[in-house]
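Heads up, the next two complexes both have chain A, just with different partners, chain B and then chain C.
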Partner chain A sequence: MKYQQELKDSIRKALPDLDVVIAWSGGFDPLHATPHFIRREEDIDKLEIGPFSVHNLATYLPGLRGKKVGIVVKGCDSRSVIELLQENLINRDDVTIFGFPCTGVVDQSKIRKALGHTGKVDFCQITSQTVVVGAGGEEHKLRLSKVLADKCFTCQYPNALISDHFVGEKINPSAQSEAGYDDLEAFENMPLAERFAFWQKEMDRCIRCYACRNACPMCVCRDHCLAESRDPHWLSQEDNVRDKWMFQLIHAYHLAGRCTECGECQRACPMDIPLLLLKKKMNKEIKELFQYEAGVDPEATPPLLSFKMEEENIKEREW
Partner chain B sequence: MAKVQFIKAADVKPWLAELAKEHRVFAPSYDGEALLFRPFDPAREIVLDRAATMPPKKTVFPQSEQLVDFTYSKDPEDLSRIKIDARETLPSGSTVVFGSRPCDVRGFTMFDRVYLTEKTTDIYYKARRDNTLFITLACASIENTCFCNWVDSDPCDSTGSDVLAIPVSGGYLLETVTDRGGKLLSSKLLVDGESKKEEAEKFCEEVAGALGAARDLSQAPEKLLAVFDNMEFWDEVSAKCLSCGACTYLCPSCYCFNITDETIGMKGKRLRSWDNCMSAQFTMEASGHNPRPTKAHRLKNRVGHKFSYYPAIHGGVTSCCGCGRCIKSCPAGIDIREIVLKAIDFKPAAVEE
Partner chain C sequence: MPVLKDKELRIVGFLCNWCSYGGADTAGVGRFNQPTDLRIIRVPCSGRIDPLFIMKTLLNGADGVLVSGCHPRDCHYAEGNFYARRRLEVLHRFLPILGIEPGRFEYTWVSASEGQRWQQVVTRFTEQIHKLGPAPKIAGPAASATLRQMEAAL
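Right after this comes the complex of A and B.
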């Protein structure tokens, strides 16, 4: 990544005043990165940014309240930071934000699908157009555009919307249109019975590990989640679609107008359940009703955090 | 000498169809993008060239199972007297799991030391364990996350299996491991496999070599205890942990559960469902005190249990089979190998005089 050295220098300067800086480093194989917590000068060398920097590191911020934390953010991640600030879940003075121009991150499921099974991965070379994966003595060449995350194709915010240090030149969004809800609209056009069957099938393989919940930067009840609560008793621990789906619906409702569509819920799911679809549905409704997009303006008040006697687009007196 | 047979790759499905007449048969096939052990269905493609997303843990240890159903009844003469009629709901029938990996199946031997002891027997576990047969497929494909050879196993390990299938030209060599496994090999689709034995041996040698050198974990039990009270160590290694249960639920050797009652009116059922030590609720006490209040405490338990506390009470056996699913499916990319090695290499800072 072009601005990696610049970013390292910027972190090096700021580190003496911070407890930790959260970034990414190489992961368990050449196709994965992992969140990297920089505490000491020597930790900086391991930092790597690029198309494998998939994790939304804002998830860690509420858990580090009270500490001086630096965080490296993609454009989409910065929206979660803004939303956390809007909700007073983190303190602006305690957070130092490092931004960089993001040209997109991969979707690991798409890579897995495109590559098929390769066994041990030996190396990976990424250019602006291609991903070359070396495995089992063979080279597999993929077009980067085939394996980028869906959210990157409709991304309007490739640069951090809030930052204290921005490395590199800001870039223009590459998204041609606001086609972000095309997949949702296609889904909504399906007959009810088909939509119902779709979710029954998808939710059936949920193992209730709650990686979706814990990876979500806006899921902030943490250790006090209704998923495990006996009182109130919203859910049983049975292995059935009803309870698993109920949890996802409760999660989605609580994210309406708060979700920044970072897609961490779906990325974290070991069962590859398309959870983002539920969140997008809520956001689409919020957009239509309140003309509001979460995590874009730190000064704005999220619609479900406010109350109006008369809503402009909800004519309940006419119902 | 164990009976050795051969099955053509194309005959696998017909063979499973035969077995399915008598047993519930599970085989790996895709559900969405997840490769899972699903009930055998001739219409589904069986995928054997890679390890499944989930081990076949559910076949013996369901995600949630009913232990007891109960009914309350009031004495009509004295309504303050309530009777409870409770009945065990034991599982029945037999199951064959085809295409599991040696690491997947070896995981159940970690369960056995806990659920089937001289002192106590878990009747629910036993009912399924005794009636579930594993036709294990030796591992042809090593991934970056594989480390079964670090934990005393190898890609052709038959521990815990009933039949071991080894890929050879044209199909699979089938080795009888247990007597009950031998009984599965009576199909007319199978032929004598003696001539393929050499090829199978060569396969096992090669694939073991592909794993690379194993790291020596013999010091892990002691070294993990040495850093037990070093919370700075655990805070650092757990910093990126999200405290979810993906690692635990995908683990072939994690066996912890929760018990809850679900009652509607006068009727109810008692459930046992998977639980995980990454959850804050896992150790939450009724008083409100939690002895493992942070994710650092919880991850310490997961690593410590597998590589130190379990071996301490079970003859030195590590409660990890090296399948690497916890690494591969961790949303934060935590690598358990890295933590264990870090503990082994940890040197306390020299105390200044």
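Right after this comes the complex of A and C.
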């Protein structure tokens, strides 16, 4: 990533006033990055940004409330930061935001599928067109466009929407806005019974690890999550489709009008359940009803926290 | 229920205490004939209804859910039903993605004096649910165990 040095310099300048700066560094193998907490000057050198910077680091912000925190954000992550600001879950004065123009991140499960079971990954080289992965003594050449995350093809906000320090030059979004809902539309055209069966099949695979919840930057209840509450007892501890499905609906509904579609739930899911579909549907309806998009304007009120006496798009039903 | 077995479907109604519950009471006092499929749950205000109540009711095997509150601008707590309207409308539009017929859930407004209207609402909603038939059940032992429990309770 060509702006990496510039970003490091920028963090170096700001670090003395901050408790911690959250960024990414190399992970356990060359195909993965990991969140990186910079507390001392020497930590800065480990910072790496690029197509493997998949994590939405805004997830850590509410937990670090009260500390002076710096955070490096992609365009999509910046929307989560804005949404957190909108809801007063973090304090603008305590957060220093470092932005950079993001050219897309990979989808690990696509790479996994393309490579098959490889075991140890020896090296990985990424250019603007290709990813070359060396694993199991073989060299796999993948087109970058084949392994980019779906959200990147429809990205409207490649540059951080809010930032104190922006390195590099802002780039133009690569996609039109409507394209993002193509998969949803295809799904909605399936017959009702098939959709019902689809979710039962998908939810049957769920292992109730709650990685989707833990990765979600908007799931801020943490220890008070409904999923673990015994009073009221929303979900049983049984392993059945109904409870697992209900949990996803709780998640989707608690994100109504708040979800910024960063896709962390789906990325974190070890079973590759298409969870984003539910959130996309919710966002599509919110947009249609209230002309509202989450995480764009720090001053806006989320639509389900407000009302109008006369709603333009809600028709009263005649009985 | 044994007499009406297979003729009746299970419909759950969430009614606000101040208007619709009163309206249902008025209908009862006026001795208006109504279908008997509806089971009423009284809540303080339509704004008290978490859309997840409705989700959970539907997933647990209800064939239909009806929500009714005070008419907009008539809320006992001034603005509860305005919030409810937004939440319920979003839910109504969200249901199809799950493969649940959106017609299985409706929300409406009935005031305490509208006994006649309540009768109409219940009759039409019950007809609508009967047209859709019993809701598809989620497979698995837990759902059937719950059904047995519910049957035993009624």
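The working rule: the second predicted complex is superposed on the first by the 314 of 319 C-alpha atoms of A that agree within 3 Å, B and C clash if a C-alpha of one lies under 4 Å from a C-alpha of the other, contacts with A are read in each partner's own complex, and residues count from 1 in each chain.
Criterion: a residue touches a chain if its C-beta (ideal position, glycine included) is under 8 Å from a C-beta of that chain, and two chains touch if they have at least 3 such contacts.
Remember, predicted model here, so these are calculated numbers, not experimental data.
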{"item": "Touching partner for A:Ala33 - first (chain B), second (chain C), both, neither", "value": "first"}
{"item": "Which of chain B and chain C A:Phe187 touches, first, second, both or neither", "value": "second"}
{"item": "Contacts of A:Met246 with chain B and chain C, given as first, second, both or neither", "value": "second"}
{"item": "Touched partner set for A:Gln237, first chain B, second chain C, both or neither", "value": "first"}
{"item": "Contacts on chain A seen with chain B and repeated with chain C across the two complexes", "value": "236, 238"}
{"item": "Residues of chain C touching chain A in the complex", "value": "51-52, 55-56, 59-60, 72-73, 79, 82-83, 85-87, 89-91, 93-94, 96-101, 106-109, 117, 120-121, 124, 136, 138-143"}
{"item": "Chain B to chain A touching residues, read off their complex", "value": "31-34, 36, 49-50, 53-54, 62-64, 141-145, 210, 236, 239-240, 242-246, 248-250, 258, 260, 262, 271, 273-274, 276, 279-281, 327-329, 331-335"}
{"item": "For the chain A and chain B complex, residues of the former touching the latter", "value": "20, 27-29, 32-37, 39, 55, 59-60, 109, 112-113, 117, 119-121, 201-202, 204-205, 207-211, 213-215, 222-223, 228, 230, 236-239, 264, 267-268, 270-273"}
{"item": "Touching residues (chain side chain A, partner chain C) in the complex", "value": "184, 187-188, 192-200, 234, 236, 238, 240-243, 245-246, 249-250, 252-253, 256-257, 277-278, 281-282, 285-286, 288-290, 303-304, 307-309, 311, 314, 316-317, 319"}
